[in-house]
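Worksheet for the structure shown next.
Each chain carries a letter (A, B, C and D) given by its place in the written order, and its residues are counted from 1.
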Amino acid sequence: MHDIALIGAGRIGKIHAANLAANPRLRLTRVVDPFPEAAAAIAAQYDARVSTIAEALADPAVAGVVVASSTDTHLPYSLAAAEAGKAVFCEKPLDQDLTAARESAARFAALDARLFLAFNRRFDPNFATLQARLAEGAVGALETLHIISHDPAPPPVEYIKVSGGIFKDMVIHDFDMARWLLGEDVTEVFASASVLVDPAIGEAGDVDTAKTILRTASGRLCVISSSRRSGYGYDQRIEAFGSKGLIRAQNQLETSVETWDEEGAATDRFQNFFLDRYAVAYAREADHFADILDGAVPLIDFRDGVAALALAEAAAQSARSGERVLL
Amino acid sequence: MHDIALIGAGRIGKIHAANLAANPRLRLTRVVDPFPEAAAAIAAQYDARVSTIAEALADPAVAGVVVASSTDTHLPYSLAAAEAGKAVFCEKPLDQDLTAARESAARFAALDARLFLAFNRRFDPNFATLQARLAEGAVGALETLHIISHDPAPPPVEYIKVSGGIFKDMVIHDFDMARWLLGEDVTEVFASASVLVDPAIGEAGDVDTAKTILRTASGRLCVISSSRRSGYGYDQRIEAFGSKGLIRAQNQLETSVETWDEEGAATDRFQNFFLDRYAVAYAREADHFADILDGAVPLIDFRDGVAALALAEAAAQSARSGERVLL
Amino acid sequence: MHDIALIGAGRIGKIHAANLAANPRLRLTRVVDPFPEAAAAIAAQYDARVSTIAEALADPAVAGVVVASSTDTHLPYSLAAAEAGKAVFCEKPLDQDLTAARESAARFAALDARLFLAFNRRFDPNFATLQARLAEGAVGALETLHIISHDPAPPPVEYIKVSGGIFKDMVIHDFDMARWLLGEDVTEVFASASVLVDPAIGEAGDVDTAKTILRTASGRLCVISSSRRSGYGYDQRIEAFGSKGLIRAQNQLETSVETWDEEGAATDRFQNFFLDRYAVAYAREADHFADILDGAVPLIDFRDGVAALALAEAAAQSARSGERVLL
Amino acid sequence: MHDIALIGAGRIGKIHAANLAANPRLRLTRVVDPFPEAAAAIAAQYDARVSTIAEALADPAVAGVVVASSTDTHLPYSLAAAEAGKAVFCEKPLDQDLTAARESAARFAALDARLFLAFNRRFDPNFATLQARLAEGAVGALETLHIISHDPAPPPVEYIKVSGGIFKDMVIHDFDMARWLLGEDVTEVFASASVLVDPAIGEAGDVDTAKTILRTASGRLCVISSSRRSGYGYDQRIEAFGSKGLIRAQNQLETSVETWDEEGAATDRFQNFFLDRYAVAYAREADHFADILDGAVPLIDFRDGVAALALAEAAAQSARSGERVLL
């Protein structure tokens, strides 16, 4: 049983709190948030204490820290926790600034930090099964990859403005997924992006629709399709083309119910909400953090955070310039 | 190249004419029909002659006769053709009267007749593939069977009145399919039937909805679901449950196009018309007739016609009496 | 927050304990079991006390009792709890003996008992959605129904011997489902059953494969397909045929992953275990019990338990006699 | 009834001959081929005459000419036929050389030629339905498009050497499809390509795997995925993402048969051969040619041939240079 401090009591913090509480190997003991009411609500629900960061890091019983605060604090809080000798569970992204992320990586490396960068999709049972079968060679050698990530609907423009842009905010998940599945460094990035969903997103300086091609040294190719709005729910699919066939992971429906009428067969709705879609993934993240506290090596660490951010930066640059970016 | 005479120039006669004409081993040379215009239209299209039955049967060049006339003439015309030494392609059913069918079977047997009773569904690529895999043992030993045959919409009540009833007119296809797939004689029949689609069908003395259970000597069970109206197209499905798994054949859609929106995923329409659904099966029937003319044994003969009719009669009796019928 | 006592600390008792503990409106305070270690394990995990039945029923703080003990104790424990004024959550079946069940029903009625008979499938999101759409008239008026319930593999023969037979043990779920969906009393039952899976089941006096037809007063028809072994996982499907179309609920797969190769497309495995398949249903049962404690009327009560048992008895009798049974 | 001359009696010529013969509005009267035996075989089968090109073009009864000869002869034969006043059905591509194609386009325009450039996929019922629904606005305004065209297996390297390269030989179909569906001119092309299937293809100076992004003036984006080998059959899919949802056309299976076992559900094989996949499309092409002979405007003409070739050239250039190409 490991004591855990949670920093950040917002939407994602609540999810992590529930999964920490439900995990038989973890115990949530401290909750930190600039809004004391938010921290208190979680603390009350799970029998934890409201704390400051300093208190949490000074508590020798605290073995691990979950950093689920605002994006700009991920790095400083994670570093502070690592320096205090705690294992760190850091929400994605590591940071929006590649230079800062690279500098921090050097410090994490020097500290030999146990930092788990929580790209949730690697823990989704569908994508994890796809990855495992691909790695087993179920369809021979991987040649190309298609990743589709279309959100049900765009976030508020106020969020867009501070998001770091679609590539760092949203496509970064897919860059991590691509790196994981390709099993090889990406050497070239080309992206073409548009404002097709909402002109306000363009006025905020961002794009809402993009297609990105990644290329590896051996010539493997990956296409990522990104949109802030699908019109039909949360579209999260992967197709991996191998030398002997294809493996794919498809979307989730609300139920297995179908209606047949003179127009044909109609399924139930697609799952619409990322917290539903990735509910199991979040629970598995907590379990992996317990594994780390028991001695396991993080499946995703700060280096992966830097690498995904580098791809996001390259894609954003390519979309602006119209030129491919060599890495 | 075998010369063929066609008796019957109605809807199904036209289908057979087209398939005879398209088959490189067959040549349609004579067309017989009580309506000379109907016969003439087909004859003109395929360079054949309008004939009487007598002329057709007297023509030594005619090797085979396709009997696609009204149901009450299937037996006499088939017998006459067999007696004239012709191979016979007889549309289903052999007859509506079990006693007459049994008597004729004795005569066909005495004549050593080459009579192909054309239950089209055995020639459907989907059902034929299902049967072949079942026979190969792809799912172990067959235990039970579900057959669904729901028509898109009921025929006119005038047709219902002369149809012989749902079991002899419609379910007879499924009795043949069940016999083919079960690979064993049926020993018990129970049917429960209702008028749920159209009261006029009930007033005509028939039912429009039925569920039938067949049982074989070894205890294999088959359920047949029958309806004169589906509301969504032509529902023709089979599920075969074996000791190691299931094989099923599903419905056909107009195209592979799907639309995804906030209600979910919707396919294109189900195929609605039996001539579309069984277009390939009809062509394969013509090819099998060519095989018979080249010396092959009919895959389905008059014995199968009698056996399917006996099941239809038993099911109708069970539905009336409420009691199972032992065969 | 309602205090709950759990009677029965076996496999299903553990499931209920976990769902009671996770429900914010319920608190598991007492656990009863003839094996003190089993009771103690659950009590320790959820901060409850090991109790006798007498203690639990005497505790005025206990508002509800969950009866998850062996089948032969369902009735006496439920009655005792009802007499003590507790709300009762009773695992299915109410009893294996129809006479006893009918007598108890009179007593429950006299007590105005709040008894929830927990047929879990009504709480499955797939079947619940199917039922809701059917009730809304999404496919017009219901005409016929197909229910498939094939278990992955048979239970031990020792269990078969005390199970009450396939109809009372397994098909009883489907009888309840049929009653719920048909929305009308069943007036006739016919069943045909065989021993096809394992001769030992036959030697134990039971059957392992059955097809049952139910008929209602208005002529609606329902087919139930039952097997103790599927060969491919847990097969739990429903098709409801209405006057304007069909609604169906399909099986669940482990993941959405598909592999395409030269043999075609292959899905992941079907879910195999009823506790996985109905995990959400069990949680929803606990929630419904909280509703009952807050004043709601049980969605399923002892009358439903008696009615399902009556159908099971009729089906067993029909399978033995070969005759339909009128109710 | 229009008389047609066929130039080219190879594999694709035979397909067109059969469809011309089966079309009630067309009559195949002349067959031209450098190999007299090939021409004679087709001529014999359909009661046509073996001819020279000069004879065919000089015959005033010949209303239309089908050019199905080798690629390098498409342009000269089509021009000759147009100059002789015949309607022309020209197999794709118009030519491999963009300059030559552009010059010919000017001549066709000057002649007011009725030239139908036969990109078969536009006549496939699946893709045609997708296009029609998209045009009706079934999913709102089109935003992005994914086209997947992976062949079952690569052609012989000898063919690769004269093919003009993957973009002109294979992806040209998809460029035409993209133009048709996007409904707007493409302004930018980026392609990344590799040799992953067979090194011999690379040694022949070509690539076997490519991902191409097209961009239109309004910012619509299209991704084309190309491979000379799938490992699972003929992969021909389209997904069109609109402002209100998605429309997609999926692959074709050999039959609707599925097998379920402990590994999950497995479909039948994917269709493997383009002549099967596009059998209906070829028949519809013949019918469209009959429409043209009756006065209709060709749905696809030489301008479309030039435009698709221009995209192919741009993509090939981009793949070589690593830079996007502006059009």
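Here is the rule we use: contacts are C-beta pairs under 8 Å (C-beta built on N, C-alpha and C of every residue); 3 or more make two chains touch, one makes a residue touch a chain.
Heads up on the chains, UniProt names are A, B, C, D = Myo-inositol 2-dehydrogenase/D-chiro-inositol 1-dehydrogenase.
Keep in mind that this is a model prediction, so the values were computed, not measured.
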item: Of A-C and C-D, whichever chain pair has more C-beta contact pairs; value: A-C
item: Most remote chain, CA-based centroid, reference being chain C; value: D
item: Centre-to-centre distance between chain C and chain A (centres being mean Cα positions), rounded to whole Å; value: 40
item: Computed distance of Cα centres, chain D from chain C, in Å; value: 58
item: Per-residue overlap in chain D, given as positions that touch at least 2 other chains; value: 139, 231-232, 244-246, 254, 260-262, 268
item: Chain B residues touching chain D - in the complex, by the definition given at the top; value: 125-126, 129-130, 133, 138-139, 244-252, 254-262, 268
item: In the complex, chain C residues that touch chain B; value: 139-140, 143-144, 146, 150, 188, 190, 192, 194-197, 209-211, 213, 215, 219-221, 223, 225, 227, 229-232, 235, 241-246, 322-324
item: Partner chain A, residues of chain B touching it in the complex; value: 231-233, 253-254, 260-270
